[in-house]
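Multiple structures follow.
Two complexes follow with chain A in common, the first pairing it with chain B and the second with chain C.
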Partner chain A sequence: MRIQTSQAALQHGLGVVARAVAARHSLDQLRHVHLEADDDGVRLTATDTEIAMICSIDAVVSEPGAITIPHRFINDLVSALSSSEITIDVADNSLVAQIRASDANESSINGMSPTTYPNIPGIGDGDWIKIVARDLRDALRHVVFAAATDDGRPVLTGVHFRFDGDKMTLAAADGFRLAVYDMNVATELSERLEITVPARALTELERLLTDDDAAVEMYIHADRTYVRFHVRAVQMTAQLIQGNYPSYDQLIPSEYQTRAILPGSVLQGGVRSAAVFARESSGIIRLIFSGESDDQSITLTARAEELGNHRGRVDAAIEGENSRIAYNVRYLQDVLQVASGPAVSEIAMETSGPSNPGVFRVVGRDNYVHVLMPMFVQWEDA
Partner chain B sequence: MSRAAGRAVRDAAEPGGQTRPPIRQPARPIRELADPVAAQIAAGEVVERPAAALKELIENAADAGAERLQIEIAAAGRERIAVHDDGCGIAEHELALAFRRHATSKLERVADLSRLASYGFRGEALPAIAAAAGRVRMTSRPRGAARAARIEFEDGVSLGLRPAARAEGTTVEVDDLFANQPARRAFLAGPRAERAAILRTATDAVLARPGASLRLRLDARSPLAHEPAAGDAESQLRAAAASVFNNRAAERAAWLERRSEDGAVALDGLAGASDDARRTRDGLRLFVNGRPVHDRRLSFAVQEAYRGWLAAGAFPLCVVRLTVPAEAVDVNIHPAKTEVKLRDPGAAFGLIQRAIREALARESYRSPPRLGARSHEAEQPDLPDQAEPGSTTRPVFDGTGPRVALPTPVPRAAVLAEPRLGGWEQASSAVRDERLPPLRMVGQLHRTFIIAEGPAGLVLVDQHGAHERVVYERLLAAPEDAARALQPLLEPVLINLDAAEAASWSAARERLDGLGFRVEPFGERTLRVRAVPAALQTADAERLLRGVLADLGDEPAEPERFDRAAASAACHVSVRRGAVLDPPAMAALLRDLERCRQPHTCPHGRPTLVEIAADDVLRRFGRK
Partner chain C sequence: MDAFFASVEQRDRPELRGKPVLVGGSPQGRGVVAAASYESRVFGCRSAMPMRTAVRLCPQAEIVRPRFSRYREVSAQIMSIFRDVSPLVEPLSVDEAFIDISHRVEAGSRPAELAQWIRQRVREATELTVSCGVATSKSVAKIASDQNKPDGLTVVAPGDEAAFLAPLPISDLWGVGPKTADRLRNAGIETIGDLAQRPLPWLVDRFGSRGEFFWQLARGIDDRALSQDRQTKSISSETTFAEDLGDEARLRSIVKDQASTVARRLVEQGFRTRTVQLKLRLSDFTTFTRQRTLASPTQAAGAIEQTALSLLEEQLSPSRRFRLVGVGVAGLEHQGLAAQLSLFDESGRSALAPPESTSRKARQRVVDEAVKELNQKYGGDIVHFGPTSTSEEAR
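Showing the complex of A and B:
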């Protein structure tokens, strides 16, 4: 194998696939990066067996071939090189990569046979759709955080994708909360389709997505075992989570008693102060909605045993009855982070009393809903 | 907003759930249960196990002014529970009424019970028992009446009234208590656990009302036969303690008697000597206005007061009876009335601490304190617990280079110095704790320990044990409201149990309930989890619950032993050894540990941290 490439291209490629390197794994291969050169160009591959990243880089292939070498080692080396041109040579039947830089640095790195490297599954003739990067990124930002981190119910550690006509619905839930995001996609699938993608893979995907109109292709393996995303020069493959995703539509309340509307950043600010106290106890933050004509506000209270109390107030437009509800501050902050994103100005909080699920929406958009189960706490009667 | 209003009504009924049998409907409201938590708690069960039924019958007898109670139990209460009393009886024409729901006479008859309000107030117990059991008979002859009458129910249906023969008083006989509740029967703990619960109920009754005689025949044995003693409250309670515990313990216990400064709260009781301490919490009995209560805050107060007097892992034998104005306490928050809510728990807490501390101090002057092997501490009973592993055992790593043999163990106080309280007064004035000085996070070792720097040297913190300690204290010592804070699930989770798990759940259900789990039977051997304690913050309710049930096994229920259930729950949600922690997470954990009352040990009693004094390190480098 013999290739010529630029330091920048190689460093970029190594950086992208680094997310899939199992740096602490006892299997050598999983700590390695797989280098492959053929007529299609040069590809870097890394996998931790849950996900695989393949990154194509600009390079001139003078002689096809392949090798696997320790990722960290070559990554450190390439970052240290200052010259722009790099040549990598692997002699036939050799397991040593000769790395030559234009500034006369010359190194050799011992690698392993490429035949021992895990096979990254192909996608067969499955289904595929096209999504705009910006839209997908936005969708992921709204749901991925709500997926479960405990793997007691594996399907809940994933994000559920439902394709129906030109509509794609993403949902994530962890037992206390549920986030659902609807969007339209350019391509229609021939049939309704549901898959569950590991949240972790989507977190990695989110990093790859840019805030522009670039096209992302999503391939779903014919026997629904893998999904692969193509983002520019990168392909990310992930194993799908098998099992029925619980039906969630009936968990979304259809009415409310009280609705508060206010800028997401304002509420976020109020919650941030209360969180300092709430975190010290069991994460309890209390929200009291006042809809009097002369006082339209939300009072936020939290207390930390022995340390002290907090009481804050933010203005909000309140519709409906006065009411109150307590949330785990961590979940509240999670959803607010989303709702206070750049494209969002106001959020709506809907409640139907302290023991019913609360709902969070983005004002002006009806394609997102977040349901959060309140905490049951003792209320001191004012 | 009519739509909204309709919804609110449905909400109020919801916490009971649709699956509950009719007897579990909330009782006629004594006060409006506007609060969903209160409603949920009160909507539980009146009679969930034989001991609970027995408790209701004993309380009815007490309300009737009975001075002699005789109890017979067969097959740990499943086959038969019978209570004979010599109380005021019920008129023949009122017998049927007594079994009608929400019919109570207690509001007229309380006059003769001067000190306490009546135990019953809902008119719920007898109808619930009759609905559950295969056969219930009540035979009664009111004082002064010429004859007795009997009413009989089979599977909840009245077979009518008939004349009977009996001396003045009442007999209630309950056969096959769970005939009409097969699901509940499937969840019963083993006979051993049920017998223990029955004995607990009967002995509580004796300690609460030592002036009445009580005999218990439990299967083939007679484990309790109490005859009242003449004399003042102290002699009466000592006699009760002799019946319940043993003569020696009753004799050498210190008498407690104290009133709060404003006179509103009164306390009496017996503080057992340290030699009578026990391995379990069975000897720790709390009463509020004559009701046995399981309140972890109050029992914590008792244990704290004993700190320094008992070896680690020992629990005091101690009877504490509080009398508070009726309006300062709410007894209607738990269906079995075993929980009370004090308006001012802090006052009771302080009163308990002072009373016990004072009594123990008094005793220690009268007779040399009995501190067992640790009698050398006698002059300073309030020293930090020297038996705690953090100070005497100093585990050191293997396999990471030369074994570090530390010279003479440095007392913990010297390494992680805590301003030592000088005298008795300071120690007794507040709950003393052993907080850590600020620790600076340095890094992680072996994916198991957090390396930290303390004021006097290097500190290695076991990440799992430390996290456990933090969660454990949050669970147990949560503020009054947070203790009740539940995190309900968006959708209840169903869990199928095997036989061992089912038995374990029956034995542990009260404790789990007390910690903030909301779990109910849902058909044979299936549980429905509706909420988990807020302090646990895990969405994986199933794994958590199974883990706890496996840890607890089906040891006899000791409702006050929240600690093991809490320790187990904490264990299952804490970071594992082997988990990689990022620096902010480690720093946060150290900060949380610094806030703990007993940061030096995990809930299982193992050290959470090991200290290596800077001086030792210098010495090993030959610099000192």
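Showing the complex of A and C:
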């Protein structure tokens, strides 16, 4: 193998695939990066067996070939090189990569045979879906955070994708909250399709996505065991999570007793002050909705055991009965973070009593809903 | 647990299986039998008997010195299984505990099935047998657990308590020691039923307030709640390895799993923690604990996991092998009467669901280990990764 590339291209490629390197794994291969050169160019691959990243880099291939070398090692080396041109040579039947930089630095790195490298599943029968990068990024931002991080119920560590016609619905839940986001895709599938993609893979995907109209191609293999995303020069493959995802539609309340509408940033500000106290102890923040004609507001209270108390008030348009509810401040801040972005003017908070799920929506957008279970607390005056 | 110390010894030392085993002090001195295996009980050996007497009854018995630290390890394992069923566990001794399952029963679980699940989990985790008694009160449950030993299960249905107790010898009753039993027998009381039929004043005359307590117990009346005065001060999850472990990746993954178990218990019991501890035991049995205090109390799995892992990182070195690792939390703060409500109903994640050991990560770990071993044994690249087609349902 013999390739010529620039330091910048190589460093970029190594940086992209770094996210899939299992740096502490006991199997050598998973700490390595796989270099492959052929007529199609040069590709870098890394995998931790759950996800795989393949990044094509600009390079001139004089002789095709492949090798796997420790990722951290070559990554540190390439970052340290200041010269612009880099040549990588691997002699036939050799497992040593010779790396020459144009500034006369010369190194050799011992590698392993590329035949021992994990097989990254390729493209075959399956479905292709085309999505606009900006739309997908927005969708992921709204749901991925709600997925479970402990694997008590493995399907909940993933994000559920449902394709129906040209509609794609993303959902994530961790047992305490549920986020559901609808969007349109450019491809219409002939039949309904449901898969669960590990949230971790989608966090990585989100990093790759740009805020523009670029097309992202999503490939779902016919046996529904893996998915692959093509984003510019990068291909990310992820194992799908098997098992039935809970049917979540029924968990979204269709009615409410009280609805509050207010600018998202106003509520976020109020919660931020209360959070200072809530985070110090039990994480509980209490919201009291007042719908009196002369006082339409939400009172937010929090208490830090032995440290002090907080009470704040924000104006809101209240519809329905006076009511109250307590939330875990972290979950509340998570949803406000995504539901009160710069493009959002107002959010709607719906409740049906202190023990029933609360609902968060963005006013004027019916494609996002977030359900959050309250905390059960003692109310002093009750 | 059944013949607990003796069963642990028979499990750890296969050459003792099927043989009469006496765990305890020396027969030359004034040693006492701490536990007698079922094989030795045939000869009349019992626990608490002088070792000298036991050896006379059964000269062929193997005498084993007790290893209390080992029993405590197994005990921690068992108690942790109990806590998977209910947070309300009152340990009675190293191998015995009351478990309040009333909230599970209210939620629709069947008591006998919960007991079977406990028995199965204990058997899988420790290769030891446990006998369970299920009843509406502590004293009846305790007596019931002794009825079908070893490896038994006795369920006393609500309302049947007095009938169940009536034929049993008076010495089975809670609080009745040998001396009290003699006094009762001298008064013509042989069974618990005999005692239940005596008038209350007769008993109070002779035994004072204890008499009233016995009288109520004999009629199956016992409304004592589980003793929770031993307030939870710490929560931990520990693993002792069959062989000393040096593999860093496995250690990390075990610590991660332990951290998530601890975090789950914190949430269930409504606590937050400020202090994360890592307990380690080296090959030479040196045992030590390292701990770190967090900026603010938490019950988040991620924070506990990261802290535990960074504590582990400081202790890893290529030459070190570990016998035991454990993650614990201390400095617990109760949330007060508050609980995060759940989105899914309880039936979705009943404690009868598959145990944690079959979690995705745990299975992956088994595969990784196997691949590594095969590659070491047969060289280089005998095992390759292929596309996966496992399915949760197919498993």
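Here, the second predicted complex is superposed on the first by the 380 of 382 C-alpha atoms of A that agree within 3 Å, B and C clash if a C-alpha of one lies under 4 Å from a C-alpha of the other, contacts with A are read in each partner's own complex, and residues count from 1 in each chain.
The definition used in the following text is that a contact is a pair of C-beta atoms (placed from the backbone, for glycine too) under 8 Å apart; a residue touches a chain by one contact, two chains touch by 3 or more.
For clarity, every value in this text was computed on a predicted model and none was experimentally measured.
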Exercise. So, on chain A, is it clash or fit between chain B and chain C?
Worked result: clash
For this session: Please work out whether A:Trp379 is in contact with chain B alone, chain C alone, both, or neither, and reply first, second, both or neither.
Result: first
For this session: Examine A:Ala173 and indicate which partner it touches, taking first as chain B and second as chain C; both and neither are also allowed.
Result: both
Exercise. Who does A:Thr116 touch here: chain B (first), chain C (second), both, or neither?
Worked result: second
For this session: May I ask you to decide whether A:Gly320 touches chain B, chain C, both, or neither, giving the answer as first, second, both or neither?
Result: first
Problem set entry | Partner chain in contact with A:Ser352 - chain B first, chain C second, else both or neither | first
Exercise. What is the contact status of A:His25 with respect to chain B (first) and chain C (second): first, second, both, or neither?
Worked result: second
Exercise. Touch check for A:Glu255: first (chain B), second (chain C), both, or neither?
Worked result: first
Exercise. Does chain B (first) or chain C (second) touch A:Tyr226, or do both, or does neither?
Worked result: second
Exercise. Which partner does A:Val266 reach: the first (chain B), the second (chain C), both, or neither?
Worked result: neither
Seminar exercise, completed: Running into chain C, out of the candidates 110-118, 272-280, 542-550 or 614-622 in chain B, is stretch 542-550
Problem set entry | Where chain A meets both chain C and chain B, residue numbers | 149-153, 173, 175-178, 246, 251, 280-284, 305, 326, 328, 330, 355, 357, 371, 373-378
For this session: Please name which positions on chain A make contact with chain C in the complex.
Result: 24-27, 49, 113, 115-116, 118-119, 121, 149-155, 157, 173, 175-178, 223, 225-226, 239, 241-244, 246, 251, 279-284, 305, 326, 328, 330, 355, 357, 371, 373-378
For this session: Can you check the complex and tell me which residues of chain C touch chain A?
Result: 247-250, 252, 260, 263-264, 272, 296-297, 300-302, 333, 335-344, 348-349, 356, 359-361, 364, 368, 371-372, 375, 380-381, 384-393
Exercise. For chain B, which residues are in contact with chain A within the complex?
Worked result: 1, 3-4, 7-8, 11, 14-15, 35-37, 40, 474, 477-482, 484-491, 493, 531, 533-535, 537-543, 595
Problem set entry | Interface residues, chain A side, partner chain B - complex | 148-153, 156, 173-178, 246, 251, 255-257, 280-284, 303, 305, 320-321, 326, 328, 330, 352-357, 371, 373-380
